[in-house]
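Each of the next two complexes has subunit A plus one other chain: subunit B in the first, subunit C in the second.
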Partner chain A sequence: MAVAVPFLNRRRRISLGSTRVQKEPLGIYFVLVPMAVLAILPLVFMTSQALKPIDELLKYPPDLVVQHPTLLNFQNLLIATSSTAVPFSRYIFNSAWVTIVQVIIGVLIGSMCAYPLAKIRVPGAALINALIIAAIAFPPEVLAIPNYLVVSSLHMVDTYYALIIPALGASFNVFVMTQFMSQIPTALLEAAKMDGASEWMIFWRIVIPNVRPAIATIAFLSFQAAWNSSGPALIYVRSEAMRTLPLAIATLGAQTNIATIGIVQAAGLLQFIPSLIIFILSRTQMLQALAHTGIKG
Partner chain B sequence: MARAVSTPRVTMRGTGLVAFWRRWGIYYLMMTPWLAIFATFTVLPVLAAAGLSLTYFNLLEPPRFIGLTNYRLLFVDDDIFYVTVRNTLYFAFITGPLGFFLSFFFAWLIHQVRGRAFFSIALYTPAMTSAIVLATFFKQNLFTGDQYGILNHLLISLGIIQQPIIWLQDQRTMMPVVIIVTLWASMNTGFLIWLAALGSVPQDLYEAGKIDGVRSRLQEMWYITLPSLKPQILLTSVLSIVAAFGQFQIQQQLAGLPSPLYAVDTIVMHMLDYAFIRFEMGYASAIAVVLFLVSFGCSRLLFRIFASDE
Partner chain C sequence: MIRAPIDTIVSRRPSPPARSRSRFHMSLGTQRALQGYMFILPWVVGFIMFLAWPLIRSLMLSFNELEAVNINNVRFVGLDNYKQAFFVDPRFFPILVEQIKQTFVNTPAILIFSLFVAMLANQRLFGIGAFRGIFFLPVIIGSAEVIQQLFSEGVGSNTFGGNADVASFLQQFLGPTWADNVILVLGRMSLVLWASGVQILIFMAGLKSVGATYYEAGRIDGATGWELFWKITVPLISPFVLLNIIYTVVDTFTNSFSVQGVINQTTGQFTQQRGMTVLQYIQQTAFSGQFRLGYAAALGWIYFLIMFIVLMLVIWFMRNRVYYAGEK
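This part shows the complex of A and B:
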């Protein structure tokens, strides 16, 4: 039995309601529409290029929209490479596997850590919260060398572990989750405790059902971090077969070559589309969760 | 306070520990998986980098303590380091504040119109994909260095230039191109936070503002919206500047590592070069420590400026 309380409804109305739309100043559209066009132009043109047959790719100047769409570039990318030492599908698998594991475990252990930090105020919580905020204040690239030494001393170089485990410690996820969880009314948890619920039961049956927006948010952020990540793979991966999708695209697209340009755009599009779909699916949940995410300082 | 009797205190401490574990143990167990990874790969590495920066370490032999030698070499002898510092500061101080401003500005515009879902998805699009994919796209289409590149073609046919510009090798154009591509993707997590936060300002504040004589949308934004969103200003400004200090993928993919004459190389690229190409881990750690201090220092400054006063 999951208990979802309506304590968030008040906020939902505020954050997503259209109350702020009074008279719409038309001038805003003159700024927003061109900006939106500019922003989606790479995706549109990439799609078009990926679907172009070779004669259209060679056409100069290029058409913005493909005339005779074909899946030939995808075929060349996926099927023509299937006989090579490392087929392209292997890179897709590598990225997909790392991403799935990272999202599931990351959401699980991140939520488990955030709950005592937000609602129980265990001794040391203030220090941990301060460390989490401090970790947001510098780029993770600073940690590359010690992380490499730990990974290599644990014999994890060139394994999936190296791509998954260090990234699970991302502090932003716990930061977002802690802030969202702190809005759960304490009385609700105390009532459950009076009824004899164990700590685990409270966590699974009461806390988790009430933080769905935050779960969607950190799931999306973890997905994006893992699926788009190239830094760790650059450092921890040695063999061709362990390379991730962004890294494979980087190699494929390092040289501008008229023979491969369609294939590179096809690969880029395959990388792009999952992010687009997942963003569209999780957007409204995210906007609820992020509404109260900030640092008081 | 009388604290004469010591024996009960010892037993108290014993039962205290058990009681402490009874009270909090389950929660510490819940926190352990994430905390262990956070400590191993984030907290301790900061200290480890500081320690390693005082050593000579080539991965083959154990680290040898050499004091501040790495820092002396870095600041006195390493000319390329200065180039990368200059590039990093130039790049970060343009894309950091501008990215922060643009994501607020466009979220604020979107907040005032219909079709928020469409506009927020559209503007977030460039930030959805990997920086590498975006950079590859721009490299292969817009900023191609021959006359077939779209931008060169456009400029030539408009008669603005006669010869194609080799965008990604020309000293004058490399940095601007890197900045443009970065800004293209600057509607990122900060943008999402603004989209969410702008809707969370209580409506009655605006109504109260109207009574107090707030007239225009700009006044509303300046006197009501921004003051009530200080925590978001602090968070997104920190995220923005930190991302700018850490970014190297776009530079590397557009211009290579190292870029021609180090024109767009950043501190991170200099560190990666020494760490994973030359295997001078001690020296590279010193570079990492400098990067840490610069970005952490900037973040602390933002904490000073934008801290909520309550």
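This part shows the complex of A and C:
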């Protein structure tokens, strides 16, 4: 299962007649550990920011690790959230609902669109592929105002629809799925066709199980985008009760109160935890070996 | 003009036997195509409503002058906005050039690095699962703006100085000039690492899709690790290389990588700062100061055209180098 890494794997070569015992290549750890330390730095910084008292937060340049950790920021967050006009749990619910619907339907639309592009020869596929690239290339910030006009003409402003629907057709999802689906052996699909399976059945029973790692990947990336972005909410939401969590936190941070610096850090850390949980859950799916399906391209 | 390069690589061309079939099979083909369109339809509806239509509106807007939020106050100015971007505006063009430069420098670095890490992380080693998770941490945090903060507060002095005081150690050891350069390189390396999470993930999934039998067969035939890598791994993961190039180009173009070493004049402290991105500049133009929506739309279209051309060049360049295993 291990993929050949030049340099590191030379010992694995089978020498004539005898099989050598493979040594654990310790050298790899000398590369992996420093990189892991570097990768973990942002988390360390983020955690200690949340635990810093005000005077340390105001220090420039900031210390990487907190000197005198305190839970004061979390206490202040609790006070601030319990005094909002709308209960804070409402913001969490809004975010969770928008995120869940967006991930499920978005992944479905993306996978459905990718299947014919990768595996059925539809006329005009080249044009659709070009459109997908164009959609990936276009900066969403520039579309904010025209998009608002569309959403308001559909009377969707200040509803969940405004937060969910415009984000559903994410083109990057389609592109990822197309690349992964193209690696499914066509023979496998033709065999199912011979047995009388419809396209819909092939899609659900053969294509989808074969691209589970890709689905987990785009599901996670969609989750990240939906859970963390305050942009759409900022544009489309009018009423207090429709605010999402990132927007609510941003609003808390905008208050001119010295305690808010700490509150934002604490809230940011709490907002990160669901992402971490979702990542751990989806990770096993993402890294699942396709080779286990029994078909090898 | 746009269709030609994409046509050659992304779409699957019918194989010769399919084309020589009789009329009866053609109608079956049409039937299949119709079913295929049903799968694509939901995406197309979304695309037209929330991308194509707004896109056309913003194109029209880019030929007009519109400064207040008052939509009625529109004046047609033709190509003036575009001319202004390149010949009048002192800030836009340097930012754009810097960003393009950064993209060309960083994309190969991130790609090679993430492939390397993905291959290491795919080894069967003690505790490798933990490493896989850790390399992805920056992506999970990334959108929470922490990395942004690390930058705005000076990544060099902060990350490698701070409590550990690596910076001052290096300064004593190597002298100030060398130490600053080493810190700059370390800062850049951490940037590459922090930007590689998604690519590592995609490469790991791609590497997992390569059947172990290929490697076994290769080894039995006496291939070296180097040969296995170039003859088996690289062709079989080429679709993911394309995917990662596209992702990285877009990502590096939207997130600034231009790290400038800044020496604070009063304290003499060495820090690194992130330059402004084209997108930030566009946003600033549109949503602050004079709210110059028309000009911002023109900048957006310039950005889009450059990005689109770059992506098309990538696809054109990769068209004969991508190998789709499922096609056989």
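To be clear about the criterion, the second predicted complex is superposed on the first by the 186 of 297 C-alpha atoms of A that agree within 3 Å, B and C clash if a C-alpha of one lies under 4 Å from a C-alpha of the other, contacts with A are read in each partner's own complex, and residues count from 1 in each chain.
As a working rule, contacts are C-beta pairs under 8 Å (C-beta built on N, C-alpha and C of every residue); 3 or more make two chains touch, one makes a residue touch a chain.
None of the values given here were measured: they were computed from a predicted structure.
**Q** Looking at the overlay, does A:R283 come into contact with subunit B only (first), subunit C only (second), both, or neither?
**A** A:R283 contacts both subunit B and subunit C.
**Q** With both complexes superposed on chain A, which partner does A:V65 reach: first (subunit B), second (subunit C), both or neither?
**A** Second partner only.
**Q** Between subunit B (first) and subunit C (second), which, if any, makes contact with A:I145: first, second, both or neither?
**A** both
**Q** Can A:A250 be said to touch subunit B (first), subunit C (second), both, or neither?
**A** Only subunit B; A:A250 stays clear of subunit C.
**Q** Could you say whether A:S182 touches subunit B, subunit C, both of them, or neither, answering first, second, both or neither?
**A** Only subunit C is touched by A:S182; subunit B is not.
**Q** Answer with first, second, both or neither: which of subunit B and subunit C does A:A36 touch in the superposed model?
**A** After superposing on A, A:A36 lies in contact with both subunit B and subunit C.
**Q** Once the structures are superposed on A, label A:G231 by its partner contacts, choosing first (subunit B), second (subunit C), both or neither.
**A** first
**Q** Once the structures are superposed on A, label A:G268 by its partner contacts, choosing first (subunit B), second (subunit C), both or neither.
**A** Both partners, subunit B and subunit C.
**Q** If we overlay the two complexes on their shared chain A, which of subunit B and subunit C does A:A126 touch? Say first, second, both or neither.
**A** second
**Q** Go through subunit A and flag every residue that touches subunit B in one model and subunit C in the other.
**A** In subunit A, residues 14, 24-25, 28-29, 31-32, 35-36, 38-40, 42-43, 45-46, 49, 60-62, 109-110, 112-113, 115-117, 120, 122-123, 128, 131, 134-139, 141-147, 149-150, 165-166, 168-169, 171-172, 174, 199-200, 203, 221, 224, 228-229, 268, 271-272, 275-276, 279-280, 283, 286-291, 296-297 are touched by subunit B and also by subunit C.
**Q** Would you pull the subunit A residues touching subunit C in the complex into a rising list?
**A** So the residues of subunit A in touch with subunit C come to 1-10, 12-14, 24-25, 28-29, 31-32, 35-36, 38-43, 45-46, 49, 60-65, 109-110, 112-113, 115-123, 125-131, 133-139, 141-147, 149-150, 165-166, 168-169, 171-172, 174-176, 178-187, 198-200, 203, 213-214, 217, 221, 224-225, 228-229, 268, 271-272, 275-276, 279-280, 283, 286-291, 296-297.
**Q** Which positions of subunit B touch subunit A when the two form their complex?
**A** Per the stated touch rule, the residues are 24, 26-28, 30-31, 33-35, 37-38, 40-46, 48-49, 52, 106, 109-114, 117-126, 128-134, 136-141, 144-145, 148, 150, 153, 184, 187, 189, 192-193, 195-200, 202-203, 217, 229-235, 238-239, 242-243, 245-249, 253, 268, 271-272, 275-276, 281, 284-285, 288-289, 291-292, 295-296, 299-300, 303, 306-308, 310.
**Q** Across the complex, what residues on subunit A touch subunit B?
**A** Residues in contact with subunit B: 11, 14-21, 24-25, 28-29, 31-32, 35-36, 38-40, 42-43, 45-46, 49, 60-62, 109-110, 112-113, 115-117, 120, 122-123, 128, 131-132, 134-150, 165-166, 168-169, 171-172, 174, 199-200, 203, 221, 224, 227-231, 234-235, 245-247, 249-250, 252-254, 256, 261, 264-265, 268, 271-272, 275-276, 279-280, 283, 286-297.
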